[in-house]
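In what follows, structures are represented as structure tokens.
Same chain, two partners: chain A is paired with chain B first, then with chain C.
The block that comes next holds the complex of A and B.
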């Protein structure tokens, strides 16, 4: 298990380094951040600004000096915000993590039980409704889903339509309560399609496992169907579901630009897009590193969970 | 899929459509039909909060360091300038300086500061602050984006303070716009920023991590809260100097909340829900239809800002060296081609198709929105496909093989590639319409949308055939947009930064602009610039088709708005905005 963990950690570090380096180089090659700064500037002033930012040096030299700093966890100063990238990314990553955690919990609580339900109840209006709902949610683009939820919030007034807090300077329980009121719209926008995905996957996986001979043998031994389902079939069906969890966690924790933009949630996805628009290579690389770290952590957690649940996986590794 | 889920899916879809229909029906029923214009307003009173939305974050809180539109809007709320251009009348008026005089010759200006002014933190305002601001602008290490705009003949303005209330500004040469140059220059607090200027760290001053209390100004509001990615809160500046005509201490509002909402549709929803009072952009043509029901319910009003001063522009690459090895060099840079294109566009239909009729035809970069400088007496190219074809024939572009396209004498189709901004729906529609209209006269246009940065990069390198985009003039006064007009200018978009004028007509414009910039008499300046517009329209280096009328949607609780086509269209006079109790 220790070797397994160490190997995954090494892969995770390489993934983070690769993603951040790729983001840095691609953003630099794709455009010039000095052009993006509006306001009248002469060609000489632009050149001076490039020199100030170190953008006049050869690409390899820029990359190597960034890399040597990044390895010491110094991602440089954001060109757009004139602030160090580290604290900027941390602030937004925390906001994204709050949203991701809420969405993940909601998607799990709704998606997995519903998947078990539709797998074990093949006929009747209830399962049919659940399956149809899942298909509708899966086929709705995130932008439309987010806008519909914001529209509902606006029309009903049940929840704030956007933002993370109503006022600045809140602390403790008051902050928590305020954030909780703002969470439902963005969390639902993220969670509903995920819940639908989990429902479909769990339903199909459990239906397949239920047909396996070991389940039939368990039932033949006189074990109750409920016990056979929950103690034997369900854990065995979690393999593909947990595999997907790794990707889901990584995606959620690295921020969803569409949902964050529509619901005005100040997260990592929006920061990344702000950085990309401004060709802010330091910010983009920092945000990409954070996103890759989330993806690596998500995959790692899912793999470990899979190994814990399924001894075959443990032994094979 | 078996039948049951399909039936239920259908039922769910019906339910969604019915729900949407209900909301639309609820919007459409209720309230009498109005024309959308605001009713007679009640008298403004002090108090209340205005909520505006903004699509992006400020790059900096220091206007000297960023020309970003959010930074500029914030500078209008929190900072003061010596004089300002009234965005509604487009005239210069005293501000922190209570009076100003121009010495004969138009090179030296004397400004008298108001007495007893204080910064928002209570520190007395003085001539030292003004002198410090000029020092910061021209400091090499400070990296001010305003430096080049505040130079006359390439030399910085010399600022001195002969006494405790007087500022004397000396330009290197007589300059027509005079003190209008100072409209963009907020006066900065020496007591807060001098140490950074001396330490060479001014370029990092007043960034997003600066505590709001450290950002002090002479504007009507002060920044009191900034939550990155969420909102900025501005509270009344207790030391603001200005009073309304009836004697009320300004600003009227207690607070302005600027919510950051990156998505335009979400912004619109907030206005519809009453969660926002206004946003910072003119409405898109399709937004007007969305808001119309709320206008009828008197919850939202349309504010007409006027005709834009920055119409979209189409231009071909006129650098001869770009076409030196290209077989199209014989016709692509010819004036007749551009005149043919101008003849081929039905500007009325263009306005109807793209802007639902809310646009006026234009024939040059200066639109009727620029009240002071617009000249209607320029050559025009009325819609006529026959005239267009005749112009093409003059440069040898004739349909020689009875297909759809005209060919050059070598038999090659007349074709060029047009690049435009990807994701800008108006520009993409305009480019497509232009392509379709030019097809009627046999010109083939390939439209390629590119990302903003890629397009600007191609333009700066001169690596393009044709561009359709939006170029915002830096100022209404032509002498302050010299980069566009002069052949040596960095924004002379069709052939930038020429060492010497490439054509006689560009040399003529250069001479007229030089004369216009150094002339002090306003009437003579107008005459000279009318001549510039005439020469421009005769040679059409860039084509302008229509200028849209701009509208903003604002909640009906707002009072006392002074709209302007210039940014920030409503917040420029934030001190006089009020809300209903």
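The block that comes next holds the complex of A and C.
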């Protein structure tokens, strides 16, 4: 188990390094933040600015000095925001994490029980309704969902339409209350299609497992159907669901820039897009490192959970 | 299932191509005095017609129907006043016309990418399985890596490192290229599995014993066996591509604002004020939803009759739980 975890950790570190380096190099090659910046600056001033930022150096030497700093967790200064990248990314990552956690909880609480329900009840109006609902939600990607939810929020006035807080500088409970009013719209936009996906997958996985002979054997031993379902069939069906969780956690915590853009949530995804559009290579590399870390953490957690549940996984790797 | 996929693709292609005939107006045509005009409801009187709208308040942009007059629909020969069946946008342009012309771009990018993905995926997957050895390994590892990455991020990064301002045609082909670059593993893995399974089947052995070259066996015998899978997978990717176009254009990395696509239309409607007061500007969202929904329904709903009888045999002894919905693809969220 320990070697299993260590090997996964090594792969994760390589992934983070690769993603950050790739983002840095691609952005550096793609364009120049100073030359492309609109504004009344003379060529000479721009040249001086480029020297200050180290953009006039050859690609390799700039990359290596960035890399040696980055390995000591110093990601340089953002050109666009004129602030150190580290704190900036951390701040946004916290915002994204709040949103991601809310969406994940919501999707799990709605999706998994519904999946078990539709897998065990196959006829009647209830399951049909659940299946139709998840088909509809499955076809509502976050971009569409968030636009519609913003429309509803503004029309009804139940929720604020965008942003994360209404006023700056709130602390403690007031801050919490304010954020939780702003949270439902983006969280629902993210969570609803996820809940539908989880419902479908859980339903399929459970239906497949419950045809397995071991379930029949459990029933033959006289175990009640309810117990057989919850204690034997359901855990065995969690494999594919956990696999999906790895991907979900990764994408959610690395920031969904679509929802963040529509609902003006100051998260990692928007930071990344802002950086890319401004050719802000230090910012892009930092955000990519954070995103890759989240992605790796998501897959890591899912893999470990899978290994804990299913010993076959542990042995095979 | 494959037949339905092909039918869906053909239908959508026709919708995309039909814009010049279906659209009542030019997508760029502006109508003075009709800024944010609401959708006009067709009414039945000597054929379908609408009441024209009259500006009530310029500052509030409120319109009212003029019940004393009727105006024929814009397709009829005797058209007089402009008619906006889906309303007008903030530049006083007809939303319906823009939606239809936008379908051309949005569906076009999606369809071209789906075709490219089918082609690349089938070739790479088939080649990998037929060759075996290291080429198989490379294709498999590469597709593993691509499948794990958050697709939309990769698309955004790839798009963003290219020059930001490009012409319409360049954007079209760059998008199609990027989408097929990230989409091919979905098709290739299935093709690889099918080819690897069929390689030792009788029909392949027969072809080979008649002297067919490996290339001919792959092209004429093995790949046609994958055609159904390829068609289904490529059409399942179609909504994701359309959404990716919309997302890119929405964040300003897609088509230029002058080109009507579903993405650029959503970008114009994205302002909270605009969207809450004039919700008809969100119709492209409805269009994307409908395409996604129809793809999901057409390809995931299974023929009922055949399944029931098959299940009765397979499921006779199983416990209270019914048949499994077979998993056609790993469900991926369009994040």
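The working rule: the second predicted complex is superposed on the first by the 313 of 317 C-alpha atoms of A that agree within 3 Å, B and C clash if a C-alpha of one lies under 4 Å from a C-alpha of the other, contacts with A are read in each partner's own complex, and residues count from 1 in each chain.
To be clear about the criterion, a contact is a pair of C-beta atoms (placed from the backbone, for glycine too) under 8 Å apart; a residue touches a chain by one contact, two chains touch by 3 or more.
Predicted model, so just to flag it, every value in this text is computed and none were measured.
On the superposed chain A, the two partners chain B and chain C do not both fit; they clash. Of the two partner chains, chain C is the only one that A:216 touches; chain B does not reach it.
Touch criterion met: A:135 reaches chain B and chain C at once. Contacts of A:261 after superposition on the shared chain: both chain B and chain C are touched. After overlaying the two complexes on the shared chain, residue contacts for A:30 are found with chain B and with chain C alike. Within the superposed three-chain model, A:52 lies in touch with chain B and out of touch with chain C [touch as defined at top].
By the touch criterion defined above, A:169 reaches chain B but does not reach chain C. Residue contacts after overlaying the shared chain place A:147 against chain B and chain C alike. Legend: residue contacts after superposition of the two complexes on their common chain; A:155 is shown touching both chain B and chain C.
Within the superposed three-chain model, A:178 lies out of touch with both chain B and chain C [touch as defined at top].
Residues 30-31, 123, 135-136, 147, 150-151, 154-155, 161-162, 261-262, 273 of chain A touch chain B in one complex and chain C in the other. Put simply, chain B touches chain A in their complex at residues 4-9, 11-13, 16, 23, 56-57, 59-60, 65-69, 143, 145-149, 203-204, 207-209, 225-231, 233, 259-263, 265-266, 269-270, 272-273, 275, 451-454, 456-457, 460, 474, 483, 490-491, 497.
Residues of chain C touching chain A in their complex: 148-150, 152-153, 156-157, 160-164, 239, 243, 246-247, 250-253, 266, 269-270, 272, 275-276, 279, 282, 285, 288-289, 292-293, 295-297, 300, 314-315, 317-327, 330-335. Contacts from chain A toward chain B in the complex involve residues 30-32, 35-43, 45, 48-49, 52, 80-83, 87-88, 91-92, 95, 123, 125, 128-129, 131-133, 135-136, 147, 150-151, 154-155, 157, 160-165, 167-169, 260-267, 270-271, 273-274, 278-279. Contact residues on chain A toward chain C in their complex (touch as defined above): 23, 26-27, 29-31, 119-120, 122-123, 135-136, 138-144, 147-148, 150-151, 154-155, 161-162, 190, 193-194, 197, 200-201, 203-204, 206-208, 210-211, 215-216, 219, 225, 228, 244, 247-248, 250-252, 254, 256-258, 261-262, 272-273, 276-277, 288, 291, 295, 299.
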